[in-house]
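Note that the chains are named A, B and C in the order they appear, and that numbering of residues resets to 1 at the start of each chain.
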Amino acid sequence: MLGRRVVGIGSVGLGVFLLLVGIPMNVTSNGTIIMNPALFPMVAAWLMIGLGAIQIIVGGPELAMPPLSEPVRFAIVAGLTVGAAMLFEPLGYLVVAIGLMVVVIAMIYERRPLWVATTVLAVPVGIWLFFEYLIERPLP
Amino acid sequence: MDTATILAGISDAFTLWNLMFIVLGVTVGQIIGAIPGLNILMALAIAIPLTYSLDTLAAIAFLISVNKGGTVGGAVPAILINTPGTPESAATTFDGYPMAQKGQPMKAMKYSLYYSVFGDTWSDIVLITVSAPLALVALKMGPIEILALMVLAFSVITGLVGESMVKGLIAAALGFLVASVGIDPGQGTPRFTFGYLTLYDGLPLTALAVGMLAVCEIFQRLAQQVRGMPAAAAAPTRSADIADRTVTFKELLANKWVAFRAALIGTLIGAIPGLGSATAGFLSYSITKQSAKDPEAFGTGDPRGIAASEAANSAVVGANLIPMLTLGIPGNIAAALLVSALMIHGVQPGPLLFEQQGQLIYGLFGAMLIANLANLGVGQVGMRFWAFVVSAPNTVIYPAALLLCVTGVYISAGGVMGLVVMVGAAILGYVMRLLGLSIIAFIVAFVLAGQLESALLKTMLITGGDYMQILHHPIAMALLVLSVISIIVLGRRRPTLGRKPGAAAAA
Amino acid sequence: MYVPIKRLALAAALLGTTCAAGTAWGADCPEGFPNKPIDFLVGFGAGGGTDAIARSIAAAIEAQQGWTIVVDNRPGAGGGVMAASLKNADADGYTVGIAGTDTVAIVPYTSPDAQFTWDDFAYLGSGMQINYGLVTRSDSPFSTLEEFIDYAKEKGRATVSVGGTNQEVLVKQLGEHFGVTLVAVPGKGAAAALQEALGGHVDATTQGSQHVQQIQSGDMKQLASLIDKRVDYAPDSKTLAESGLDPSVAMQAFTILMVPKGVDEAIMTCLAGAVDEAVGSDTYGELMRNFDNKAVNLGPDGVTDIVQQSATNYEKVLAAN
């Protein structure tokens, strides 16, 4: 098995990608000043290559991975959050916040009515009131 | 400065009106600091308009109290739910959270409160007594010295890298890379901005730190929730054993040297403009861990870890005012907001401040000392309240914390773009956790890389590439020698490069 | 707890149906404006001159008009980050930007990603002219621009810490004019530049407002006034034109207030009126006294002219580089 060498391979791969594609595409120098803007990104890339190589040689025991459901659910929650962020401005804060809480609470299997009500209604409304009135930072 | 002015100033602070605003300020600061996603800057930005109609002393006393309350409040969620309320309390999670998990949340919060107030008081006293000479010393810290200090910080902080030095350094390299997003400090050309002008100022630290430290933890908790599992309280609430809930004076004194050193580090970092309290917390924590006889005890709920982090990050608050009051140069953004507030009230911080506004400044000093006491009192009440809040089930706490992070970052870190950065950071944080890459090494590298790069650039410009000029900078040389020593000591401490089992704070 | 309650009452009143109270004084505002807090976006960080001006004007408007104003710092790219988000904000008069003239006159020509020009905004007025000066520690061996140039020639080079692109451009122009290497040391804003000069790490610095108190306390001296006239707090230091430079090199920068183009005419009049009244207020006047400067409101047309003029000028200078 690859074991912890995975980390090393990933690190070397990212470093090479940066040197060949990432940095040339996204960093330009106009040569007006002594230090090249690409210096720090290049240092980072070379560090990744060098350290990654050491990691490949050293190896190590297998990484302890959680059951597949965890990263999948993690990605779903992350996706929901980004989706909510995008919808704040068109739909309004309260609607989206309550919607987000409904989906999240469904995902984490809370069924007790009182706690469901707290999370779905009291929390978004409370936060909205806090921002809107107490500290006067208007939300969409 | 004659004694009469000093006494008049200090007694100004003791009006009922001022006391009320100090307590109010501390309370506001502690609450906002304790809410993940809202930080001290946010608290100050909210508080400044409230002071427009106040007299100058009450206004400044209120604002400084908010600032002081914020550093105390930030530690609360760090301890209770492993999500630091502010970036500067990140190092408090290492030992605070494990201690709370051992059934001693109250004890951990008390340690944090007491050491925080200690660090704060210490740096206030330094400010009051020796600010002028200390400010002159801090001025001597030019780009070359800062560069050497950054090298030292990196060499010391490698002790925080977690289970393996190599992987820790890989994480740090990633932090370097991410820190280079934005315009480069020299030519002003964009790097990795992909055409977004909003990225020119770099990725917002608030969004990044909240994402990696708090939101990542929240997402993971939500992801781990399995059907049918009883929804536990977010933190174990009350232990029956009184020793788990209280901190005796003896226990506090046992860590006096740790706390003292932390306060000293925080004061020094605070007195040098631009370094910040997050740096102080990390630096103090790693120095403490590395100089301990039993570094493996850290990360398991060791009170020394809490003392090292909290005394240092709180000591920054008072010390930050040293360059601000004596030179007119704010030590960090929080102090900069105070400068603005003073200017609105018709007071110009700078070299003439003590001469022109002596009574006001001593009034402020009096207020700062009172605020420390108020912090202690409000903190005592507050921690019971927070302990009560987190006794609600996980299924309420984590979704609520998520919504707070989302809302806070939306408001304080640039709207939807800030939220995208926050979620991106949370995902990166999760991947790094899975791969065993230290998130803390990443954040520290991110925070320090910008300062390192700017110091390096300025050094090159000032010396014109003549590196022998460092011989004229004794402080820089001393710092470099210290870094070499610490690397040697560290190297000896870590004979099993790359394979050391994970006793350290992997976080 | 008097103040927060007052603020709450105010917020409640604003959110209620009547906000005619807000229009009772001064500024000539349309019915129902404003019916929510107005956002002030500051193009620079807290603690600097622009930030203080923005907050002081905000405080004055709150007191005079009874509106609620939220001040937000959006630092980065010399105010460019703020300008970019201001351009994309709704042109409803609820988002006002505060920056320097250079934000719209220089940034579009130095930052390839700046998707705006000075013409994307409408201007409400100005707060003050920024009295840029070239200053140094009072124990430096030179006291005038000429002596400084001689010092640099003797040493081979001299360093000047700067707080922004406009000053970097100027330092370069100075070096070219006198045929000497002047190295501009860029950093994070004016305070950092001041700190390096006070610590003696650089030979001199360019400053816009914070140098005044340093000069008054005797810690610093001014080598040259970088604007078109001499200043009261350093009457002996010459302007660049007096030292033989082309008068167009002199910096002419104001702190300005702007909104995205397309705001309703009546709301423009209302906001410009409110700004003018605030700039004339006592609180603002006190801030100006601290800067040893004067409140200057050029009005909407005056600011537009200045901005257009200096944008044309910088476009030429920067294209030549």
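To be clear about the criterion, contacts are C-beta pairs under 8 Å (C-beta built on N, C-alpha and C of every residue); 3 or more make two chains touch, one makes a residue touch a chain.
Please read all numbers here as calculations on a predicted model, not as lab measurements.
Taken as a contact graph, the chains are fully connected, with every chain touching every other chain.
Looking at A-C and A-B, the interface holding more C-beta pairs in contact is that of A-B. For the pair subunit B and subunit C, the distance between C-alpha centroids works out to 31 Å.
In whole angstrom, the spacing between the mean C-alpha positions of subunit A and subunit C is 37.
Chain centres here are Cα means. That of subunit A falls 22 Å from that of subunit B. In subunit B, the residues touching two or more other chains are 49, 186, 190, 193, 457, 461. Residue positions of subunit A with contacts to 2 or more other chains are 136-137. Touching two or more other chains at once are residues 7, 68, 70 of subunit C. Partner subunit C is touched in their complex by these residues of subunit A: 133-134, 136-138.
Here subunit B touches subunit C in the complex through residues 20, 24, 45, 48-54, 139-144, 182-183, 185-186, 188, 190, 193, 195-198, 200-202, 273-274, 323, 327-330, 333, 335-341, 343-344, 346-348, 350-352, 414, 454, 457-458, 461-462, 464, going by the rule given at the top.
On the subunit C side of its complex with subunit B, the touching residues are 1, 3-4, 6-7, 45-48, 51-52, 55-56, 58-59, 62-63, 68-77, 80-81, 84-85, 110-115, 157, 159, 165, 183, 185-188, 191-192, 194-196, 198-202, 210, 213-214, 216-217, 219, 283, 286-287, 289-291. Taken in their complex, subunit A has these residues touching subunit B: 4, 6-7, 10-11, 18, 22, 26-30, 32-35, 37-41, 43-45, 47-48, 51-52, 54-55, 58, 60, 63, 65-66, 69-71, 73-75, 77-78, 81-82, 84-86, 88-89, 93, 97, 100-101, 104-105, 107-110, 115, 118-119, 123-124, 127, 131, 135-137, 139.
Residues of subunit B that touch subunit A in their complex: 46, 49, 164, 166-167, 169-170, 172-174, 176-177, 179-180, 184, 186-187, 189-194, 215, 219-220, 222-229, 231, 392-396, 398-400, 402-404, 406-407, 410-411, 416, 419-420, 423, 426-427, 430, 434-437, 449, 453, 456-457, 460-461, 465, 497-499.
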